[in-house]
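Each of the two complexes below includes chain A, the first together with chain B, the second together with chain C.
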Partner chain A sequence: MGLKQSLHKMKMKYEGTKMAPAFNAIHTFLYLPNETTHNGTHIKAADDLKRTMNIVIMSLVPCLIFGIFNAGYQQNLQMDVVERAAGFLSTEFWNLENFSIGAWKVLPLVLVSYGVGLLIEFIFAVIKGHEVEEGYLVTGMLVPLIVPIDIPLWMLAVAVIFGVVIGKEVFGGTGMNILNPALTIRAFLFFAYPTKMSGDQIWVAGDLKNTLAGQPDVLTGETILGSLAQNKEVAFSLWDQFWGFIPGSVGETSTFLILIGALILVLSKIGSWRIMLSAIAGSLVMGLIFNGVVAQGWIGESSKFFALMNTEFWNHLLIGGLAFGIVYMATDPVSASQTNKGKWIYGFLIGFVSVTIRVFNPAYPEGVMLAILLMNVFAPTIDHYVVEGNIKKRAKRLKVKTA
Partner chain B sequence: MSKDIKIKKGLAIRLKGEADKTLSNAPRSRTFAIRPSDLHLITPKMVVKEGAKVQAGDTLFYSKDNEAIKFSSPVSGTLTEIERGAKRVITKITIEGDQQDVFRDFGVKSPSSMDAAAIKDHLLVAGCWSFIMQRPYAVVANPEVMPKAIFVSGLNTGPLATDLDFALQGKEKELQAALSALAKLTEGSVHVTVAKNGNSPLAGMSDVVVHKTNTLHPAGNVGTQINKIDPINKGEVVWTIGAQDLVVIGELFVTGKYNAERVIALAGSSVKTPKYYRTRQGSEVATFVYDSGLTEENVRIISGGVLSGTTISPKQHLGFYDTAVTVIPEGDDYEFFGWNKPVFNKISTSRALTFSWLTPKKKFDLNTNTNGEHRAFVVTGGYEEVFPLDIYPLQILKACLVKDLDAMEALGMYEVAPEDFALTEFVCVSKQPHQQIIRDGLDLMYKEIG
Partner chain C sequence: MGLLSKKDTKLILDPLMDDNPITIQVLGICSALAITAQLKPSIVMAVSVIFVLGLGNVVISLMRNIIPSKIRIIVQLIVVATLVIIVDQVLKAFAYELSKELSVFIGLIITNCIIMGRFEAFALGNGPWRSFLDGIGNALGYGVILVIVGFFRELLGSGTLFGFQVLGDPVTKTGLYAIGYENNGFMVLPPMALIVVGIIIWVQRSRNKALIEEA
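Showing the complex of A and B:
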């Protein structure tokens, strides 16, 4: 085969040069390398990191496509171009008009995220002389899905640079980072440009600037969390919330598609079901506690926490980025707990802390990002105590013997 | 205190080219060789010079660190070459074999009438000590230390491995003699583990404790059995002996000869007629590999199994401890979009568009391709599924990589050998060399603490 041979020749030519990692990254994208085993096992299982990451990306694609349609839909809904979608397959939602508006907004985000991020990965790989690692393939897909639709592209680019360099490369690259890089990027955006990351003007695309007389300058659309935090009525039905026909970050709105993504991850044994399950349990428990507090009458309707605290405990999973965070962010194997027991604790605390922050921080009601980052920091500690249990057991065995 | 072991965490790797259960005598090899690299951490001190005539059982060299540990010639013949590498380290000792072996006579002895010291001396003088391994460190045992127990695995569960029930047939007398002798060398028991549904000649042995286990790999690894039966604590030593090495030890008592005969499985998908051969330690593998024939040109010949064996060329020789030779295709080719297309013809423990979980009984034809590039540890939770020891595999590997001796000790380094990490290495998504990492870690501990 012509391509295979000429690529092989080029690989030999570039071997040992500075640009070799960059070339290899492209080469190994096309072909599984001709590397063979040397010592140790002479055969290897079929999975490699590229395959693993590829599955995660595929599980994200439904969310991305939905996000594109939803971006257009939310705008058109406000402009009265379309009616409220009645069911998941409603043509008010899945139509070309929504798609074209959304694609123009979302695809640039994807391109900037991948372009900038991969460029930095390539630069670091060339400088440090290691292969280009696959970690960013997933991060680059996650980032456009967790930002508000109206974010300026330059802002995204700055955040990606910060996140990849400070969040990952300074620690030594994929596998060495402490924090989830995608969330580092989002946290940077949140703290550096707070006006562009919260409020009610960023969640629906449309910076219309007086194109039509009598139309508003900016389309506003609050997220459900935003409304609840201000003790306002929620304008969306539960089905809307489940299917995802609500304003929010690009890819996080559809609980239904996130559920499908979760199924892909769990069935392919790529994502940790332990973390997902325990995180859901954690958020339900905290939700129940708050519901209980309200039922006891300790918190009055005048309290600014009332609406969120009074939200049915299971409803927390449908709103905001909780479901998305649990399925795609908390399960990042590098920044999560690495022991099976630790995963249960880690996941539970993520759910628990997410809902806590959500209720007690009405200024920025989305707690899942901070909860996961917090638990990323504590994951090594959790692991430490889990492993300590094994060490103690071993020490005890010795004691019984010598006693 | 016989114990039934049930291993649930593990992986059955089914490969094509299993050896047919017919035993033939391999053609006599012209040269025989011992590679000191098979004898981990042993620095040989030669006692015979190039050109000397030796009998089977004559000492060729002893360990520089412990003169008592001797290594014997597997055949009678002329020592033709002592090959040296960098820093004059001996890399290979070659003997040109005689037509007919002449054995040095050590005298027929009955273990039951000997005491521990006499047995130990007898084994040391004849060179049979080289078969007794110890844990911690997975090296040849130190004869001065009394082990708390001795372990023998009576089954192989690895892919294409020698079927011990078949290979040990008719060796009951030798096995019993060896086990009776070993039983006197420990303060504890000799633990022998056999397959639950097998017909191992080892099942009926006396002077030992026989355990039964299921056959999910790595149930046959002696390390797994130790961990389940009587785990090693800090400061304790156990010995392990391969089942075929027991036969050699047994023959020393029964016939007075050091007869390093091996029944080896020649297996693998590249072998034309995979079957069993009776040959000798250190034989040129070409003698039986070409006797059976190969189906293709571009192959890898492995002395040992596919999980922990050593790559050799057909001109090279059977490893010191190896009881199998496996030949599989080399995988030095590119595969178009091999990283994302669905895979049906390779084994995987995930379901990431890999479908080996649909066909648990299917036999696979795997080659030596790594199926991806080496990466840092990323994915977690996969090792635990195939690792039955009560040890945290990822954590202990990382402790070895950063040379944290305290952590290595606390996490159970005294209990493991490289082969225990063969399955985690096989499934490793990041293609990390687990066995090498553990070996280096053990060597470091041996140097610093040992």
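Showing the complex of A and C:
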């Protein structure tokens, strides 16, 4: 008797009992249910919620793998174990030592994120008597990718509990949430434990106290946004920024791999290209405005905004989590705008506001998180006016015809 | 039942649970968010509101037959304002540091919706004794929530209760801090108070399904 049969038997045995949703979840996660609809007028489509989620996860896997290597690379780079990687395929980056260090740091994050989050989902499914929804599969993957590598695991667990319960379950579970759960979790961490979420000590793994004498106690590595906010020189080349050999949250550094992920999402029609495109446009426009301000000489070198404003407008897309946020978070179908015109506005404003926050408030280096959360709140309003506008336009047309 | 009849007991107990001014009527939220970052100001605020609402309800109830209904709001405001000024002056005289901490929020008791609400809804139509009980009951209901929220926010946000470091010293890393615990800075910010109040509402409504409104 195969695993599928035993699971099915278990499902039958527990049918109607309190724990039923928990068993059903395991069953449907692994296999097609034994009973499917066969006849009658039903929409038969392969891309159900579970497939959708799986494709998003697949598009995230390159970022995760890169993040694991990068975690080790950044640490080894500081310890002078490896040289600076020259190209994307450089062996200084893709080697076993980097991987083992990174995996040791990153995999616990993934485990905690999934373990705690799914536990909460199961508890709620059992209490409320509904099926376990697949929503957390993507959130659980996103969370470890958007936190600093050195975040203590218990903090992550607390934040995941908060994000899943307050960000999602109180609104009625998957599909009902107003805010993107992964970003809710990150925002919680950001405001609750700011010392672990920003600054220059957390982006490179390695609490190296009690190691050999002559070694540094803590490895520091500033993110590019961090150095720009302090008007310092950026120590990374543009290619490094594009390939992702820079310190930052675990999985968001490689713009190249995010582009590949974006391609997967757009081609499979899961991520909205409208949102991605307009968000990029929004950030470019804001970047151009700031560049213009500098070019006009309205702001001098002494200004604390100078370095960030003077950043080339397209460079904003390479640094920080902007690209990652635009591709994986802004396109979340639940919390984004639903109408096509609304998506253009929604995306544009995300890009626009991200760069604005980034430049004007160095205390909140990751503007994209706050921008997306803000626009999540406004998404229903945008939709409302788009729909209203459409109705008005059609009403007018009707009047012209009848008159 | 001795001192209080059954009906009178209800006046006090109802607002504590199933007719709570904050969690059920959703009044007086602003102050509940603003001053509950710590336990001490929460308690002082609760006591102040008990004083103002208890006494104010009695005064309004006594005057209820001679207040012309056209200007009753103004009269009510004057009564609250007078009582609030008394509280403010007493705090300034005897607990200056605290009054600094509470700053404008003592003055803003005047605008606390619970107070005007009870004047309008209860004191204008009931005798002084019942109005007194109603005022105390509602102010207590308000105070209970304040204290609960203040307790959790101070404990989790600052690791203290009434200023005592109950979880250990975060600087010298004793107690819980020795094993890597850290204070939750979000708890100190007002938005978290809203979430804590929301959780109380949630718990309350899942215990008593009758409180859930029809959607």
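Structure notes:
As a convention for this text, the second predicted complex is superposed on the first by the 376 of 403 C-alpha atoms of A that agree within 3 Å, B and C clash if a C-alpha of one lies under 4 Å from a C-alpha of the other, contacts with A are read in each partner's own complex, and residues count from 1 in each chain.
Criterion: contacts are C-beta pairs under 8 Å (C-beta built on N, C-alpha and C of every residue); 3 or more make two chains touch, one makes a residue touch a chain.
Model, not experiment: these values are computed from the prediction.
When the shared chain is aligned, no partner comes close enough to touch A:N315: not chain B, not chain C.
By the document's definition of touching, neither partner reaches A:N95: not chain B, not chain C. Judged by the touch definition given at the top, the superposed model places A:V387 against chain B, while chain C stays out of reach. In the superposition on chain A, contact is made by A:W154 with chain C only, not with chain B. With both complexes placed on chain A, chain A has more residues touched by B than by the other of chain B and chain C. Contacts of A:N291 after superposition: neither chain B nor chain C is touched. Once chain A of one complex is fitted onto chain A of the other, the partner contacts of A:N361 are absent, as it touches neither chain B nor chain C. When the shared chain is aligned, chain B comes close enough to touch A:E133, but chain C does not. In the three-chain superposition model, chain A touches chain B and chain C at no common residue.
Interface residues of chain A, counted against chain B in their complex, comprise 4, 7-8, 28-52, 54-55, 131, 133-135, 172-176, 267-270, 272, 274, 333-334, 336, 338-340, 343, 383, 387, 390-391, 393-395, 397-398, 401.
On the chain C side of its complex with chain A, the touching residues are 180-182, 184-187, 189, 195, 198-199, 202. Those residues of chain A that touch chain C in the shared complex are 152, 154-155, 158, 166, 170, 188, 191-196. Interface residues of chain B, counted against chain A in their complex, comprise 13, 15, 159, 231, 233-236, 300, 302, 306-309, 311, 326, 328, 330-340, 343, 346-354, 356, 366-382, 384, 390-392, 394-395, 410-412, 418, 422, 425-431, 433-436.
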